[in-house]
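Structures incoming, each one as structure tokens.
Next come two complexes built around chain A: one with chain B, the other with chain C.
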Partner chain A sequence: MRLNEKAVIRKSILDLCNTGLPRQESTDDVIRKIREKNGSQKEENLWEYIVALGAQLSRPPFDPYREKIKLTTKIGRKGDQKISLKIPILIYGEFDLSQSSKDALNLTLNDLDDDRSTVGLISKDEPCDERKYPHFQILDDINKLADPDGIVLKYTGAKTEEKIEKIRKEFDGPILVEVDEDFSQYVESLLELGIDGILVNTENITKSKRYNGKHAIAVIHDARLAINEFYRGKENDGACLVVAGDVNNAGKMIKAAGLGADIIGYDTSLLIAKVGHHSENFFDEEITAQKIFNHMIATKSELTGIPAALGYSDFHNMSPGDFRTSSIKASVQGDIPLEGVDKTYRNIVEEILDEYVNTKNISVNQQERQKIINLVIEEEN
Partner chain B sequence: MCGICGLMMDDSKLRHSPVGSILQDMMESQQIRAQDGAGIAIFNKSNADDSFKIKNFRKEMSDYVIDEVKSSSKNISENLQKLRQDPECHFFSFENEMTILKETGLAKDLDRKFGIRKMNGSHGIGHLRIATSSRVTPFNTHPFSTTILPDIAIVHNGEITNYNMLRDSLELEGFTFHTDSDSEVIAVFLASRILKHGDIEKAHREFVAKADGPFTYIAATSDSIAIVRDKFGTRKGIIGYNPGTDDHPPFWAMATDLSALDVVGATTKIETPHPGKPRIFYRN
Partner chain C sequence: MPLPKDIMNFRWDMANVVKNEGHVADLKSLLLDAQKASDGLVPYASLGAHSQNDYFSNIMINNAKINSMQDYSDVDASLIIGGRYSKKIIKTDVPFSVAGMSYGSVKLPAKISMHLALNKLAKNGIKILMNTGEGGALPWEVYGAKESREHLSKTHWDSILEFTDKLLRANHLEGIDIDELFTREYPLIVQYASGRFWKDPAYLLNADGIEIKIGQGAKIGHGGILPGSKVTELVAENRGILAHKPAHSPSRHLDILGPEDLVAKVLELRELTKWETPIIVKVGASRIYDDLEIILKSYADCATVDGLVGGTGAAPYEVREDIGINTIASLRPIRDAINDYYETHDKDGFKLLVNGGIWDSERIAKTIALGADGVGIGTGFLLAMGCTLIQECHTDICPAGITGSYEKLDVEKSAEGIFNYIKATKIELQNIAGSLGREKIEDIEMTDLSVNDLLTSIISELPFSDGTNHVSKIQTKIDHAINALNLQGGKI
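This part shows the complex of A and B:
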């Protein structure tokens, strides 16, 4: 990303912090215009190729000013141990914060809870004692369990499964596991052990060999599929998918939710906490806290707009069918219908193959059919 | 802008009430709302026996004809499997005491073809369709039924906007869909929950909690009829009571437009169902 593009993002965040008002234009659009103006070759950022379908004649939009658009999310599969977030966000990222930045963040999260805009925090350290918001502790050593509401474990092979079994004996709250690129091979056994959800970091996973050349949307799509596979033949009891990484603005959050994310692991608040002193010559805890607060309230407002325009009263009701894309790659990786034809690329390949097989009177069994379709799709991916 | 209606006779002794005739009047009075298709489901306990009917629309030349497969409880799965594999077959009804009839065109055309006015029973529902998201075909016309359980029918006005999500999760649970209509998801969801806990009121409440979008639906089972509006009450729905005459027993009626209640004299105890709260009437 170029400096002028970074400046667009920074200005956009500062505007939100200072005014608390939603953006007039998404940062993605502004950056796209800069790139087009400079004649630079477009980066392969599939987020930019996904658009929301919008309301239709028979599907009028809800009015977010009149009707409440629900953002509330519950984490936990056991009825009495669920954690409730009023905005589907867990603050999570790899920023190293100073104590004063942490204090500002803590102040904000408490204020958000008072404002019925509760978001959660994932961190290694135990935040201060006067915490009102849900905290998930990243637990490397199970002997260092503090007093969190939930736990995040990083997947490190079979040892993680042993850890889960041990922790489950003394901890009733939700357990999330941050998975690596091989998640599809072990998510079912983790859910069997009773974890409450998985966390995928799209930035880390897309750098792996397995996801080489693929985009974050492929990771989200596959992770949702892995959870759904576990629930084949039964009702989902609330296992959630937390998506972190490059989902760092409201537009991407909405697209990620449509692709299957229940909660977003969001690091922009940490960025504001870290750079809170940049626009002044000193660090003022309350001013920084106010900026993080304003940014979160503006984000909350942005999160309701698109679902409402799609005819939803609940943020979590979006699905890939509510989007269209002009990119075959995005269609393949996110199972999103293509613009104009309203079918996914996979559907089109299936139809062409079936027609060919029927016309030529060739016998193809289900396994062979799937193999051919996957081969054609991989070619485009 | 579809039109829906339903009625439940309020007298246990009279199971052969003129349900068809009353429903037909209610549908014709709302014809201005929609003209692409019309359909009814009528329940009559005297039809109930040990056999089940699976009804399909089968394409013959350029027309669709109704194809009926009689099954016993032993060979139902086998027959359903066969029908699913037939691309020319479009399932529309799984019946024991219920009768579903539907067709493209006006309510009068439906009566002319099937003699709706002569049909008797204890309760029934009706629908007038204006096509918005799917083609004008007999199998896209309401009421919708399901192969999960017999004798469930629903008619619907509005849209279930999170249809894709609900359908995906029901399919994952193992339930089969037969059309691309968002209305079918109501029938499948209700049947899946009745199968799970056997409580129709709980099933309606669960559906309202999970479904999104503007809608009012009327759902009928062999023992109940319910009118349900979305949690914001963005689609109309009204209920009235006819205290009875020499020609017919008292009955509860419900519809999209007040005109449908007026025309059948269901003008007492008028109420609007509370948004998000199912209003259920049980067969005595």
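This part shows the complex of A and C:
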């Protein structure tokens, strides 16, 4: 039930219970009237319209309490330079942390590694000497290269390619490039240069003109498509897609993974670190570290529980085929099948168009066909 | 258990930081984060998912009235389950049942309220089916029929009475008449779930029907859990498990991993019950065409399908919200699976029950028109007992005293609420069918329904009220696109 419709449902049922007599209006009559009065609800958070298909008889589920569900992922295209994460998370975000918050975070990340729950960190800071976790340094100036395990470069046009070539001469570890909204035009050439993956920040990209009005799922879908396009006809050597931004809970992380993300750029750990400092109470590094640790361990359990319920023993085995949507907009933006019909809205329009042009004897070429389909689906997007 | 103040404060601190950074704070999500940061555990939730689009209210029953001056009390509202393979059948007077809510997930007074209300309804000519849920049955449910007690030894019967006395005393319900309590006049379906929470074979042998629970809408593929705080000494004794420890049911039956295992399990229960008792298989709505195809071939009499909004006493929050499809969306693949099966088989009385987000007559009628034979209702019965929908059934703070807390539930008032709810819902259903000119509820058809939006038409295959459907709507859009692109010249 929708949260804002609870009162209607309760009142409607209580009318029956109190009188034992038929009502004047059904629950749906009342809900419909309210919706008509308030106008149709805007589908803003498309994550809420996407669901996964659970395993039952046609495929048995795994048991996350008794069986091992694999979350491990590797970053790096060359065999000897791969970085391994036990949870597919790189902590990354735009929260500005104080030194004490950073210390708490460092403490947690080391504890997580001890717990066999290694996650990585993406940060502008120089890596700590006593770290046990992989640190990806955001490198604005290649002369400031410290001793990171990996590097993140922000895409700044053609100069980025020069930078990559220079860095490659002195750095063997994984290089990720944080791309902008025009990524589909240059991802292939970046991958040709040997970068190990791209990072898309959905929050920044959906604010751009190209993605105006679109949701994070559209960005993830297009980014995965761009990587797949690069590998068309080639052997996949594991360039990864890191998705950051609007993926800050386990449900969204699972759906992002299903749509093609390999690793999540996760900022909630940074938020907890910052709030620890924000509190009116005296900042306690250990308590803050414990909170970040607890949060990550609970998230890890969620990330194993859902793939297990879908019938997978490996987080990375989820695919778009495991998801359905109850929104035409989500179907169009993420190329996700509609629930119950198992076809995307685009597929449905294509089928009806083909039937229509045949019946009406209209001749349309491939280009015109695509234009018609795009016009029709854009109307619902 | 109520959330500690420091969790709430931490949530607000996080919300302030998020706002200061210029973002919109999602308070529900931040509360879950604060819980996780506090205890390192997966947050739990209860009742049904907050589906943003359950389609029900986008569907109308054309020209039907739930309230009518005309008397439609002769409209047949009955439902029969069984007879496809079982020798016995279950016949009820309404096409809806009390969905599985076990002792433990709801407290004893709520279970007794439902028991008394259903007995009173039976005496008033309305037999309604009750499902025990997966946590086993209470003594008066197992031994409510007189003949079920005839073979019991005195020692056994005394031990049952002793446990009953303990249950009633612990809930300050000593005043209840034992003879009245040990009378069950309504049919009972017991669940055979992966946790196997029963200790007396009579649980299966004395039931009117057995439901093999593979999954449920709120936690498909996850199994079940009753939090340790709700596993009291008495709940533990009734289930045959340890007290104060969470009661986990595995995500799958250890002996049902696929279609062949399901057939073996159904046949095992058939042998146990001498082919007399109707057997049902319950799944959550997910890969529903495939799952139903398997159930149809499994020697079961009936399937129960539970949609995304189907409730639970406890489930991991993200599992409840993110796995499974909506009830209405599941009905099209279900119809396809049934139609495809009966293209090569003779009709044999297979029945379909559907649960999830159904709580009043109109929703029952819509679900039946779309292919169900009957429906299960859970949340509606909780509302009838005073549920406030705060969705904290997995904790001990239920303000109505239904699922867990020190609040006392008024058994008599709750039973009265349930009695009225069922009675009035039956009348409304008869009014709907009668005003459509139908003699039976089961005669309500898809042609009686229409929709008011494109997606619901696609999902349900229903037309709009003006007779158009999603195909013609999309064709009109194609026409406009062809005009806009000036492609008429391409006409051959």
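Simple rule for what comes next: the second predicted complex is superposed on the first by the 329 of 381 C-alpha atoms of A that agree within 3 Å, B and C clash if a C-alpha of one lies under 4 Å from a C-alpha of the other, contacts with A are read in each partner's own complex, and residues count from 1 in each chain.
Criterion: contacts are C-beta pairs under 8 Å (C-beta built on N, C-alpha and C of every residue); 3 or more make two chains touch, one makes a residue touch a chain.
Every value quoted in this text rests on a predicted model; they were computed, and no experiment measured them.
*Asks:* Have a look at where A:341 lands relative to chain B and chain C in the superposition and call it first, second, both or neither.
*Replies:* After superposition on chain A, A:341 lies in contact with chain C alone.
*Asks:* Touching A:225, do we find chain B (first), chain C (second), both, or neither?
*Replies:* Touch partners of A:225: none, neither chain B nor chain C.
*Asks:* Figure out whether A:236 sits in contact with chain B (first) or chain C (second), or with both, or with neither.
*Replies:* In the superposition, A:236 touches chain B alone.
*Asks:* Of the two partner chains, chain B (first) and chain C (second), which one does A:60 touch, if any: first, second, both, or neither?
*Replies:* In the superposed model, A:60 contacts both chain B and chain C.
*Asks:* More residues of chain A in touch with chain C or with chain B?
*Replies:* C
*Asks:* Where does A:146 make contact in the superposed view: on chain B (first), on chain C (second), on both, or on neither?
*Replies:* Neither partner.
*Asks:* Quick check for you: in the superposed arrangement, does A:313 touch first (chain B), second (chain C), both or neither?
*Replies:* After superposition on chain A, A:313 lies in contact with chain B alone.
*Asks:* Figure out whether A:128 sits in contact with chain B (first) or chain C (second), or with both, or with neither.
*Replies:* neither
*Asks:* Would you mind listing the overlap between the chain B footprint and the chain C footprint on chain A?
*Replies:* 56-60, 62, 310-311
*Asks:* Touching residues of chain B toward chain A in the complex: what are they?
*Replies:* Going through chain B, the ones touching chain A are 132-133, 158-159, 161-162, 164-165, 168-169, 172-174, 196, 212-214, 231-232, 234.
*Asks:* Could you please specify the touching residues of chain A with respect to chain C in the complex?
*Replies:* 1-3, 6, 9-10, 12-14, 16-29, 31-32, 35, 41, 43, 48-66, 94-95, 248-251, 254-255, 268, 271-272, 274-275, 278-279, 291-295, 297-299, 301-302, 305-306, 308-311, 324, 326-328, 338-342, 345, 348-349, 352-353, 356, 360-364, 368, 371-372, 375-376, 379-380
*Asks:* Using the touch definition from the top, list the residues of chain C that touch chain A in their complex.
*Replies:* Against chain A, the touching part of chain C is residues 10, 13-14, 16-18, 21, 29, 32-33, 36-43, 48, 50-60, 66-68, 214-215, 219-223, 248, 250-252, 256-259, 262, 283-284, 286-287, 290-291, 293-295, 308-309, 316, 318-319, 321-326, 328-333, 357, 359-363, 379-380, 383-384, 387-389, 416-421, 423-425, 427-428, 431, 452, 454-455, 458-460, 470-471, 474-475, 477-478, 480-482, 484-485, 487, 490-492.
*Asks:* Can you name the residues of chain A that touch chain B in the complex?
*Replies:* 56-60, 62, 67, 228, 231-236, 310-314, 317-322
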